[in-house]
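Everything below concerns the one structure shown next.
Every chain is named by a letter (A, B, C and D) in the order it is written, and numbering of its residues begins at 1.
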Amino acid sequence: MTIRVAIAGARGKMGQEAVHTVMKNEEMELVSVLDYKEIGKTLADTNLFPSSYDAPVYTELETLHKETKPDVLVDLTSPEAVYERTKKALELNIRPVVGTTGFSDEELDELTQYAKDRKIGCIIAPNFAVGAVLMMKFAEQAAKYLPDVEIIEMHHDQKLDAPSGTAMKTAHLISDQRPVHEQGHVREKETLKGARGANYDGMRIHSVRLPGLVAHQQVLLGGEGQLLTIRHDSFNRGSFMSGVVLSIKTVMETEELIYGLEHIIG
Amino acid sequence: MTIRVAIAGARGKMGQEAVHTVMKNEEMELVSVLDYKEIGKTLADTNLFPSSYDAPVYTELETLHKETKPDVLVDLTSPEAVYERTKKALELNIRPVVGTTGFSDEELDELTQYAKDRKIGCIIAPNFAVGAVLMMKFAEQAAKYLPDVEIIEMHHDQKLDAPSGTAMKTAHLISDQRPVHEQGHVREKETLKGARGANYDGMRIHSVRLPGLVAHQQVLLGGEGQLLTIRHDSFNRGSFMSGVVLSIKTVMETEELIYGLEHIIG
Amino acid sequence: MTIRVAIAGARGKMGQEAVHTVMKNEEMELVSVLDYKEIGKTLADTNLFPSSYDAPVYTELETLHKETKPDVLVDLTSPEAVYERTKKALELNIRPVVGTTGFSDEELDELTQYAKDRKIGCIIAPNFAVGAVLMMKFAEQAAKYLPDVEIIEMHHDQKLDAPSGTAMKTAHLISDQRPVHEQGHVREKETLKGARGANYDGMRIHSVRLPGLVAHQQVLLGGEGQLLTIRHDSFNRGSFMSGVVLSIKTVMETEELIYGLEHIIG
Amino acid sequence: MTIRVAIAGARGKMGQEAVHTVMKNEEMELVSVLDYKEIGKTLADTNLFPSSYDAPVYTELETLHKETKPDVLVDLTSPEAVYERTKKALELNIRPVVGTTGFSDEELDELTQYAKDRKIGCIIAPNFAVGAVLMMKFAEQAAKYLPDVEIIEMHHDQKLDAPSGTAMKTAHLISDQRPVHEQGHVREKETLKGARGANYDGMRIHSVRLPGLVAHQQVLLGGEGQLLTIRHDSFNRGSFMSGVVLSIKTVMETEELIYGLEHIIG
């Protein structure tokens, strides 16, 4: 059966991708769009989409629900008001797939309980890139057996922070699995400061910044006579779409709130 | 407690590595060595090891058992006679860790039953390279979510067969997980025959052979806007030793026969 | 001194990139645009560029020349009529930088002689990607010393032909430098047809096609105990722009026709 | 014509490799070996080589020369006494191929003049790995066109210094070619110290240390929309042998002293 999908945040960068993704997917139908302001009668009126994209636009979730009966609400807006909207969706029996962070622990607990009581699926995923989530999971698993690890993350040179959030999260996950220990030779010496990278519980993280690069990370795990490398390359925003599709399908089959794609995958 | 280890096949290439590995491991003790012929009183007499390597050499498993009481027998000999020796070890209450293939299905079934009845651990592993086993497991898992896969395996140019056994096994494992489908464009055309590699259930396998290379494999999984790469480099025979160590420890804690490192790992 | 640049083909994909590139370059000024039809008074009128892009649009090269006096004409149109336009530019003392193929040998000879006689620079480059040209040059040089070579090219799965044009050209260049010889073991056997890739004078070429990939190539050169890898990743059309900039600067300093970026670089 | 080769330092690690290399090369003949002490009558007497390796061993270069008339002396000893031996070889009209450092500038100048006067070839090469020398040359050339560069060098975890000597030399060569400039965003921030690696004239160098690794380096050059990567993997000491062979051949054809393989190659 076709899954009836509504999208909130359809005009944003992620939202536009999601619109195209749902439109092209044969198992789904884009039944409506939620916006915080008046932007026209249909998606096509925004001039961001072809004229054949005729999903109606609503500014009120109740009306949207009443008139278009979506199974799922994909929410790709900013963190503000996302909690209220998610709760309201659950009340209306619409299953939320949320791509923004911005929930407090209390709010998450409350939504989790609410979904459980009502036996309704809800997925909240700060990172929809399936490949990146797999990379992190595999690195975490592998570090049990190959506990010497270094991370090289590579991004375009307009990125402000180093290491990247994904590298930090990967290191954090790995550090739960491997015995903390310093790596390299005990008498190792940097003749040029910083050569050995950042030290996270003994693991080393290296941040490369070059024009041309997009978003890439490799986790290197060394053992006697061998090297295991797990690498993810994200070439464009489309990399998030497989996670959106997976979440839409999964939210229809679960009866609770799932936080993080890593609990769906694997 | 220290694990008392005996090794069969200590003079072979793998065997020599295993001797060094056990000697250096603080949780283990090399108590004796089994050889099919008289090679001297101790390991050192073979001139293959330092004079401090004084583990006694036996040609009979019973005598070896009586005089040195090993917990584990690491068997790195050739396939011949390995079944009888493994069975004998189990009877003597020595836990076998076997690195050779060469068991018939009937023999495996019998040993499995025997280990189960006696509640004694036994590990048989055709491939001890932990990193390679992890690569295969991860590729298999990832293909569920990123079902477009190509394998590039790279070996020295003295290798006779292409694709490698590991590549074939990886493809086999993946094909159990992903929907069979042809990859590439339907109207794709090879202007030079063979460019698109070997076709395994729609997946493509590419075999690179160059002087200098050792044994390397990467599995590439592509999805919209992203690429996940899982790569294993084996630089020398030492790559098998982490699997030997892991098996010695695990065989002490299990009460049945385990076939394949993949059932220990992950 | 600022180089005065005119662009033909500004509305095409490459052309749009070139417009942005010249606009952002402090050593250049975009003085005008040539189009084959009426598209408005300025670039901004096309709705493809910001309103600040006010370079005037002409349909006749003579008028364009008379009114905007460009030093260089960057031609990113299709092959048709490019020969006449290039010749006309030379006559008007405008230095052409041409990114399309589509010249016959006779036409090239004639333009070469003409540029030489008039001591005026002219650059024709079928491939503006500086990195790809460097990769080919380096592979060619390295093959003299490491004559065992395999090429792995990787593209998105909508590409129809395999191997890619760049892979074929790379192999062709290398084959001029290395002694022709079969690679791999003489008794090498494909247990799965195509595994060893396409055979180009003994070199092997492997074509990977996966969704998510853009345009990537690596040349592997193996020797005893070592591997040299030269890899180029093209992530988007911007990769051609460094070649356009380099050509614009170089055409101002040369007094002859140069065919192919490889004769500027290195 | 077969080149008659003598080797000094044949019992060392590099020396043993060189012996095998010359023995297997059809264009060369190993006519004798120089040692600083009595080690037997022939190479085979050292027990380091097969009994068929019957090149005679000498402790005096004059006697060796008189009785075996070598064309080339390959010197793979330690730095001590290498200057005197090289000078003596030139006097005896033997062409030296020297793999050790340890010459003062004055000594090099004197040998250079001496070789020039006598019109006799002499090659001194601190690094015989052809692939590594090519990597450095290519990186240097490419940096003219793609001036944003980062270096990742990867070695086994027993290495004491970071960055490696090769990485430092590569950075030094590149810095001669590219305009000095800081890379990355001006407001870039390390949230974990050292993440961005060592800073060499604005270029970043990252040193990875993991068990299992041997000696690997990649130079990454980024430009708009593209990345050029030049990588060298050294898997074992055999990687130096192509440079030894190349030097033996080249020293027969030159009439002067050449310092550094980079002046032979390319």
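Going forward, contacts are C-beta pairs under 8 Å (C-beta built on N, C-alpha and C of every residue); 3 or more make two chains touch, one makes a residue touch a chain.
Keep in mind that what you see is a predicted model, and the values were worked out from it rather than measured.
Among the pairs A-B and B-C, the greater number of C-beta contacts is found at B-C. Across the assembly, the mean Cα position most removed from that of chain A is the one of D.
Each chain gets one centre point, the mean of its Cα atoms, and the points for chain B and chain C are 49 Å apart. Centres computed as Cα averages put chain A at a distance of 36 Å from chain B.
In chain A, 212-213, 221, 223-227, 233, 235, 238-239 are the positions where the chain touches two or more neighbouring chains simultaneously. Taken as a graph of touching chains, this assembly is fully connected, with contact between every pair of chains. Looking at the complex, you find that chain C touches chain D at residues 129-132, 134-135, 138, 141-142, 145-146, 221, 223-242, 246, 265-266.
Touching chain B in their complex are the following residues of chain D: 212-214, 233, 235, 238-239.
By the touch rule above, chain C contacts chain B in their complex via residues 148-150, 152, 154, 157-163, 168, 183-185, 187-200, 204-213, 220-227.
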